[in-house]
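What follows is a group of structures, each given as C-alpha cells.
In what follows, chain A forms one complex with chain B and a second complex with chain C.
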Partner chain A sequence: MLALPLAWLVIVYFGSLFVLLLSAFWDTDPFTAEIVHTFTLENFQKIIETQVYRDVAWRTIQMAVFVTIADIVLAFPIAYYMARVASRRRRNLLVVAVLLPLWANYLVKAYAWRTILSEGGVINCALEPFGLSFDGYSTVGLWLVFTYLWLPFMILPVYAGLERIPASLLEASADLGGRSFTTFRRVILPLAFPAVVAGSIFTFSLTLGDYIAPGLITSEQFIGTVIYNIRGQALPTAAAYSMVPIVVVIAYLLVARKLKAFESL
Partner chain B sequence: MSHAPDIRIRGLVKRFGDVTAVDDVDLEIERGEFFTMLGPSGSGKTTTLRMIAGFEIPDEGSIELAGRDVSRLPPYERPVNTVFQDYALFPHMTVAQNVEYGLMVKRVAKDERRRRAAASLEMVRLGGYGARKPAQLSGGQRQRVALARAIVNEPQVLLLDEPLGALDLKLRQEMQIELKRIQQEVGITFVYVTHDQEEALTMSDRIAVFHRGRIEQIGPPAEVYEHPESEFIAGFVGVSNVIEREGRRYTVRPEKIHVLADGAQAPDGVRVEAGTVRDVQYVGPVTRYHVTLDRGGELQMLAQNLEEGSMEVLASKGRRLRLQWRPEHESVIVETEEGNA
Partner chain C sequence: MRERMRRQAVRTGLLALVGALAIVAAGCGGDDGGSSASIEGLGSSLEEIQEKAREEGQVNVVQWPGYAQLTKEFAEATGCTVNTKDGGSSDDMISLIQTGEYDGVSASGNASVRLMATGEVAPIDPELVPNFADVQEGIKNQDYNSLDGEPYGVPHGRGPNYLMFRTADVPEETDTWGVIWEDDQLAKYKGKISIYDDSIFIADAALYLKATQPDLGIENPYMLNEEQFNAAVDLLKKQAPNVGEYWPGDAAKQIQSFTNGDSVVGTTWPYQYVQLTGADPPVAVKALKPKEGTTGWSDTWMIYSQAANPNCMYLWMNHMISPEAQAAVAEGFGEAPVNLKACDLTKNPNHCDEFHADDESWWEDVYYWTTPAEDCADDDDSTTCKTQEDWKTAWTEIRG
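Now for the complex of A and B:
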C-alpha cells in the first residue's frame, strides 16, 4: 500500500536531491558553459571564498531569523487568544481566518504586497500626511512580506501547543500563589516553547529558500534569487550554493529536535 | 484567639447557564477537621470546592476563611492549596521543582525552599525522588508529589478533589490510611471531595452529603450511615432499604437485619416481618439476601458466612423466612420526595 508513495518519495524527491548534490561536484567548461562531468571541489571553494556569496547567504539567514522573530511576536498573542480566551465560536472563526490566506495563491499575495508597498500604495498614502515616506521595495519591505506570508505557519502550531496545556496546570500555578505573569512565564511559556520552535521551522526554512518574493519586492539578492539567476550559466555553482540553505536547515532541525519541537507538531 | 471556624460558607450559589450547580449551601468547618463532601457527579461538591479554592466565583453567598471573606479573591491570594484530581504536576519541572513552586513564587530563600521541599517529600515517603520528572513516576507516586506540593506551603486549608480517583483499589486503600496519617501529622484542615462512600466513611471526621446542588445531611460518618435523613442518602451511603409501614417511611441497614429461626419466638419489642428470598448474592465473607416482604416492600440483609458454604447459601433462593430487627435501628426518612440513588 505504502510502496507507491514511498517510491515516489525516494526516487523523485531524494533522487533529485541526490542529483543536485552530485552536480555540485561537476565542472563547467569556461568557454561554452557546458557541464563537464569531472569531479571538482571548485564550486564549493568559490561560494566560500567569494565575498558576494557569503554576503548573500548571511543576508538571507538574517532575514530568516528576523522574519521568524516577527512571526513569533505576532503569532503568540493571536494563538493565545484563540486557544485560551476566545469563545468556541470565535475560535473557529479565527482558525478559518488564519487558514484562509493559505488557500490563496502565493503569487497573488506577493503581488498584492507589491501594490501595498508601492510609492502610491496604502502604506505611503497613510504616511504622506505626516510628511513621511517608506521605500517599500527594500529589505524591510521584503521582511514585512515574508512575515505576512508565513504567519499562519507560526500561528497554527503555537495555537495547537497552547491548547494542549491542561487548564488544571494553570489553576495549579494560581493555587500555589502564582499571579498571571508568573504562570505565563513559568508554566505557559516553557510548555508552549516546543510549539514555537516547531512553527519557526516553517518560517525559517520557507524564508531561507524563497526566490519569488525577493525578486518581486526588491533588487537585493538572496540565496534563492542567486541560485535562480546563475543556474543557467553555472549549474554546478548553483547546486553547490543550494547546499547552504540545506545545511543550515538541517542544523536548525537538529536543534529543533533537541528542543522537542517535533513532539508538538 | 478567634473562634471563627476555619471555613464558613453562607448561602453559596453558583449557576452555569440554566443549571444551578450549587444551590444555597451553608457550611462550617472547624480547624483541623477532616471534612468530606460526598455526592454523585453533578451534585455540586466539586463546584463548591472550586469556589473555596477561588477557581470559580460564586454568584451569591460568601466564603470566609478564619473569619476573612475571600469569596472574591483570586486563587493566588487565598491561604488554601489544592490537590487536583489529575494531579496537575508541571511536566517540564522535576519533582523537587514542582514541590518548591509555591515557595519559589512567594520568594522563599533557596536554602529554606530546598529544606522544606525535602521534608515534604519525606512526609509522603518520596525522599530521594526530587530529581525525577513527573513522567517517570507511577500514578500513586504522582499523587504523593501533588500532595507534597500542596502541604509544603503550610496552607490553612487543604482542598482535595477526588485525589484517589485514578488509582486502583489496593493503592487507594493504602493512600486513604496515608492521607489520614498525614492530616494528623500536619494538623491542617482537609476538605475532601469524593463520590466514594467507603472512602468518605473511612477517613472523615464529618461528612456533608451533596445532592442536586444542596447539602442533604451533615454529620459524623456513623451518624450519616446509621441515621440517613433522606432516601437518597440511605441509598447513596449504603443501600437504601426503605419500607413504609403505617405511614412511616424508614430505612434499616442490611447488617442490622437477622433471620428469625423457624418456630422460634421473637423477643419482645423486636420487629418481625415474613417474606420470600428473591435473590441471593454470595460475596465471600458475607451473603446478601434480597427479601420480598409479605406486607409490601423489599429489604436487603447481610449475613456473615460463619458456617454456611456458598452452595447452601445459594440454595436458599425462593425460601420463606422471617426477618427481625430492633426498632432503634430504624431510621425515619423525613422527606417523601422520591430519591434516586
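Now for the complex of A and C:
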C-alpha cells in the first residue's frame, strides 16, 4: 500500500536532489550561461577559495545560532507556562495564539517587519524620546525578524515535551526535598532538553536556508540570497554552494540524534 | 510479518531511486536541440492562427512587472486567457523560460541575446504580426532583437534607468550620478542609497567612469577590459558600505523605502517613479537622466521555441504592439512606445514627448542592457572583455 507514494516521494525528492548534486560538477558557457556537460571540480574550488563565499557562509551560520538561542530563551517560559501553569482554557487560547501567525502569509509578515524596523517605524518612534535610534535594516534587525518568524516552531515542540513530563516525577522530587529550582534544574530541564533540540532543528535550518527575509531586511548577503542571485548565471556554482547548508544541517541532525531529539518530535 | 513489509518497502525505495537516477541520466543526455526555425502547431495564416488560438485558450508569459496590458480585452477578442509571471531580473526571466512552462517573455537585451544564442526563442514571421509594420524602423533589426537579419519577436518599448531622489533630502537641481558615487556625497547619504541588485549595475559604474575618467577609454559600458572592469568594481566596492538597500527587481521594496524615507537617492525604473508620484498622497521625488547619460533597456516580446500555445503567443505579440496596448504600457510603466500610433491614445497627451519616443538624439547616451561578451562584441580580435560570468562573480564580491 505504501509502496506507490513512497516510490513517488523517492523519485521526486531524491531525484531532484540528485540533479542538484550532479549539476554542481558541470561547467557553464561564459556567454549564454548554458550548462556544459563536462565534469569539473572548479565550482567547489571556487566556493572554498573565494573569500566572499566563506564570509557569507560563516555569517549565515552565526545568524542561525543566534536566532536559535533567542528562540529558546523566548519559547521556554511561554511553553512552560502553557504546559504546567495555565488552566486548560487559557492553554487552548495560547496554543491558538501561537499557531495564529503561521496562518498569515510569510511575505506579509516580512513586509510588516520592514515597516516596523523602518526609520519612521514603531521601534524608532518609541526610541526617539530617549534620543536613541535603531538601524533596523541591519543584521540585528534581521535577527529580530527571524526570531519572530520561527518562534512558533520552537514553542510547539518544547510545549509538547514539557507536557509529557509526568506530574508524579515533580512530586517525587519535592518529596525527596528538592526545592522548585532544583527540581527545575535536575528534573524538568534534562527531560525537556531533547524537545528544545528538536525545536532548534527547525529554527536553525529555516534560518540557514531562507532568502526572502534577508533580501527584504538587510543589504547583507546570506547563503540563501547568494544562491538566489547567482543561480541564473552560474547554476553549478549555486548548486555547489547549496552543499554548504546541506552539510551543516546533516551534521546538526546527527548531533540532534545523539541528543535524542527525534524521540520528542 | 512487519520485518518482511519493511524489507519490501526498502527494496521498493531502492528500485525507485535507481529508476529516478535512470530518468535523470536520460534527461541529461539529449538537450542539444539547437534552434528551430518553425514552431510546431503554429498556423500558417492569420486566420488559421486566430482559429487555433481559440482552441489553445490561454497564453503564459514571463514579463517585467506591469507589462501585460489590456489582458481582459485581449481575452475577449481572441479567446486566449493571459497568465503572467513577473521576473525581477534578466537572469530570473531566463530561468523561468527554461522551465518550458511559458510561451513567451518580454526580454531585455541582456536576456534576449542569450536566449537567441541558445535557441530558446524562435524567429518570427512579421507577415503574421500585422502591427509589426507600425513599429519604429530605428528599433527593428538591432543586435538585441534579431539574428542574421531575422527578427526575433516584436519590440515592446524602451526606457531609461533613472536617477531618483526625494526632493526633501537632495537638492532639486541635482543632475549628476555623482550623488551616488563621489566620496563626499556618499558620506552625506550613507545608508539611504538604493541600488538595483544585479550584476548589470556594474555598467552604471562604468558609465560614470566613462564620463569622469576618460583615461580609461571606456566606450561601451557593457564591454569592459580588465583595467576598466577593475576600476568599475573598485568604485562599486567603495559605494557598497554606504548603500542602504539593494532592491532585487522587487519594485515594491523600493517604493516602500522611498515612501517612508529610508531611501532618499538611488537608481530606479520609471515604473517606481510613476507609482510614487501617482500615490495618494504623492511622494515628493524627482527622477531624471543625469548629464552623464544612463543605462536603459529596449525590450522585446519573444516566443519560446517550443511554446505550447504558439498561436495565442503570436496574437499576444501583435496585441502588445497595438496602439492601445502600447499607450497603456507606456504610461503605466513609464517608457517610450515603439508604435508611435500610441501617442494619440495616451491619457497624458504629452507622454510621447516627455519620454522622447520620436527623438533619437535623446537616446544617444542611453546604453541599452546587453550581455557582456568575451570578444567585446566587436570585429577587433585583439581585444578581450570580461564575460557575463566575471560580472556575476564580481557582483557577489561587491555585495560582500
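Everything that follows uses one rule, which is that the second predicted complex is superposed on the first by the 260 of 265 C-alpha atoms of A that agree within 3 Å, B and C clash if a C-alpha of one lies under 4 Å from a C-alpha of the other, contacts with A are read in each partner's own complex, and residues count from 1 in each chain.
Assume a residue touches a chain if its C-beta (ideal position, glycine included) is under 8 Å from a C-beta of that chain, and two chains touch if they have at least 3 such contacts.
Computed from a predicted structure; not experimentally measured.
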Between chain B (first) and chain C (second), which does A:186 come into contact with in this model arrangement: first, second, both, or neither? first
First (chain B), second (chain C), both or neither touched by A:89: neither
Using the touch definition from the top, say if A:229 reaches chain B (first), chain C (second), both or neither. second
Using the touch definition from the top, say if A:258 reaches chain B (first), chain C (second), both or neither. neither
Determine, under the contact definition given at the top, whether A:178 touches first (chain B), second (chain C), both, or neither. first
Under the stated touch criterion, which partner chain does A:219 make contact with: chain B (first), chain C (second), both, or neither? second
Please work out whether A:166 is in contact with chain B alone, chain C alone, both, or neither, and reply first, second, both or neither. first
So which one touches more of the residues on chain A, chain B or chain C? C
Chain A residues contacted in one complex by chain B, in the other by chain C: none
In the complex of these two chains, what residues of chain C are touching chain A? 8-9, 12-13, 15-17, 19-21, 23-24, 28, 89-92, 94-95, 114, 117-118, 191, 197, 199, 243-246, 248, 250, 252-253, 256-257, 260-262, 371, 373-374, 387-390, 392-393, 395-397, 399-400
What does chain A use to touch chain B in their complex? 166, 168-169, 171-179, 182, 186-187, 190-191
Inside the complex, what are the residues of chain B that reach chain A? 53-55, 74-76, 80-82, 84-86, 88-92, 101-102, 105-106, 149-150, 153
Quick one: which bits of chain A touch chain C in the complex? Just the residue numbers, please. 2-3, 6-8, 10-11, 14-15, 18-19, 22, 28, 30-34, 37, 46, 50-53, 55, 111, 114-115, 118-121, 135, 137, 215-216, 219-221, 226, 228-234
